[in-house]
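See structure below.
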Amino acid sequence: MTAATTRPYPAGMTVLSPARDAFIRNSFARQSAMATIRASLHHLSPGQAEIHLPVWDGILQQVGFVHGGVVGMIADSAAGYAALTRAPEGAEVLTVEYKINMMAPATGTSLLARGRVIRAGRTLIVTTAEVLALSDTGQKTCAIMQQTIMVVPQG
Amino acid sequence: MTAATTRPYPAGMTVLSPARDAFIRNSFARQSAMATIRASLHHLSPGQAEIHLPVWDGILQQVGFVHGGVVGMIADSAAGYAALTRAPEGAEVLTVEYKINMMAPATGTSLLARGRVIRAGRTLIVTTAEVLALSDTGQKTCAIMQQTIMVVPQG
Amino acid sequence: MTAATTRPYPAGMTVLSPARDAFIRNSFARQSAMATIRASLHHLSPGQAEIHLPVWDGILQQVGFVHGGVVGMIADSAAGYAALTRAPEGAEVLTVEYKINMMAPATGTSLLARGRVIRAGRTLIVTTAEVLALSDTGQKTCAIMQQTIMVVPQG
Amino acid sequence: MTAATTRPYPAGMTVLSPARDAFIRNSFARQSAMATIRASLHHLSPGQAEIHLPVWDGILQQVGFVHGGVVGMIADSAAGYAALTRAPEGAEVLTVEYKINMMAPATGTSLLARGRVIRAGRTLIVTTAEVLALSDTGQKTCAIMQQTIMVVPQG
């Protein structure tokens, strides 16, 4: 069964090892699509990842909000990197599918996508993400996502 | 097949009026996010829209395929513009949600996202899209999407 | 968990009025499908609803777990009734769509589906649900769902 | 369109072997949940399966339509059995996740869920389903679904 065998975090594993943290950040740095939209990887811990995206004039749709597809991009990536923190060393992860609900216009000064692992199985990892729109006056959840990730052993 | 049962277009309505075609293409032209990833709107007819994306080095993920989020962007847009062809004059459309399955690596020389309307209601429009990866040697479906669009009457 | 960011309930609105509670429970009582699978509506509060389902021999799949479609039924209903608590008086709600991930075999003595509202708009309500499998030795999340509900004003 | 590009069946594989057909129908017969709602498995061929459900008074929601969760049950099963036709001998299949859009009230004399395989991989199979509402006066698509199935080798 898919997820019956979720791996509990090893005791004390509340932060990633420096090597693991570097491995994941290096993977992100090789995603040219993230650089093109100016997204960056911030917080990273076991089962969680956050991506930050400043709102700028090259990522908008026709009425001036951030394009829903761009919102999907950072949600997909944040949840995917959250999953990678739970994959075995040397493994890659691939997005099998995701479903995202847009709940409010993505506006403000920046967006923050928070991904987290709900259950990590040996082959599949189930995650969720939420995307917050940040402005000078506060924050608002503009999208929520539910995703399935596949673990791909390497070599 | 899922999409075989889409409602037939009203008799005679096999092409968009020049004014409607121009309205929709103008909307697309105002999406800076589409320009940033170098996507363009091609075929447009009642209930259908196609978006073309050349594969270039600014839209990739860490192993050199087109980023899944970018695949989602063009699928979302293609289906959204398909929906706009079926919305009343003067109305805008917004993505309520979408769900996309990645089925094969998005590689090749370009991607083609084909959106189509499955059912157009007064408030909600249900669409699907598929994304084809095109190369010198053929084509391959790399993703399928199912989406809900909301019709927003304008002032 | 995704739903951690749900909008707080309006101050003071921590319980439903007796009339509203009765209206919603009466709606549930008219769902013959829920009686057929032996599901019952338990906890009900603003933005939340819980459905309980004993595991019995008429709701299984081929290897003896509760059928995934039945898991989907109670998740859909729990989230739909959570949405109904946030709809205007006299309105009905309809499921637009839902997406559910099965994470572990649905086994044990009973299932508990917990639905909650993430954002309630005038026309659409976004919800999530989780389904817990309960047994003598503990509980386990066996599915999570993300759903869109439409508010239908009544004549 | 979504499903037009499904992988062609291997040459000559237009019907299931009698043994394979019997194996799959036997699996369905062991699903007590399908008997409880009175669903039956009809057409079965490589990559396709159809489930029939008479409309009766034990599967309804509060306003007299077939319960959306029941619509989801037969869509999930039809697509799952379509996937099983493409799985290796001896393997089982499990639903990883599905997403369903309800497009019209499920009413009439019976429902027909048609599942089909879009892409069959070694570990995961992507499927779609549509649910038709049949009546004396015609038929109407009332739901479409997109699903991910996992192949589970046995023994």
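Note that the chains are named A, B, C and D in the order they appear, and that numbering of residues resets to 1 at the start of each chain.
We adopt the following convention: a residue touches a chain if its C-beta (ideal position, glycine included) is under 8 Å from a C-beta of that chain, and two chains touch if they have at least 3 such contacts.
Given the structure is predicted, the values throughout are model-derived calculations rather than measurements.
Seen from the C-alpha centroid of subunit A, the farthest chain centroid is that of D. By count of C-beta pairs in contact, A-C exceeds the other of the chain pairs A-C and B-C. Centre-to-centre separation between subunit A and subunit B, using Cα means, comes to 24 Å. Subunit B and subunit C have CA centres that are 33 Å apart.
Averaged C-alpha coordinates put the centre of subunit A at 27 Å from the centre of subunit C. Residues of subunit C in contact with two or more other chains: 96-97, 99, 101-102, 148.
Residue ranges of subunit A in contact with subunit B, taken from their complex: 27-28, 30-37, 57-63, 66-70, 72-74, 76-77, 80, 92, 94-102. Residues 1-2, 96-97, 99, 123-124, 148, 150 of subunit A are the ones that touch subunit D when the two sit in their complex.
By the touch rule above, subunit A contacts subunit C in their complex via residues 1-4, 99, 101, 103-104, 116, 118-119, 121, 126, 128-130, 132, 141, 144-146, 148.
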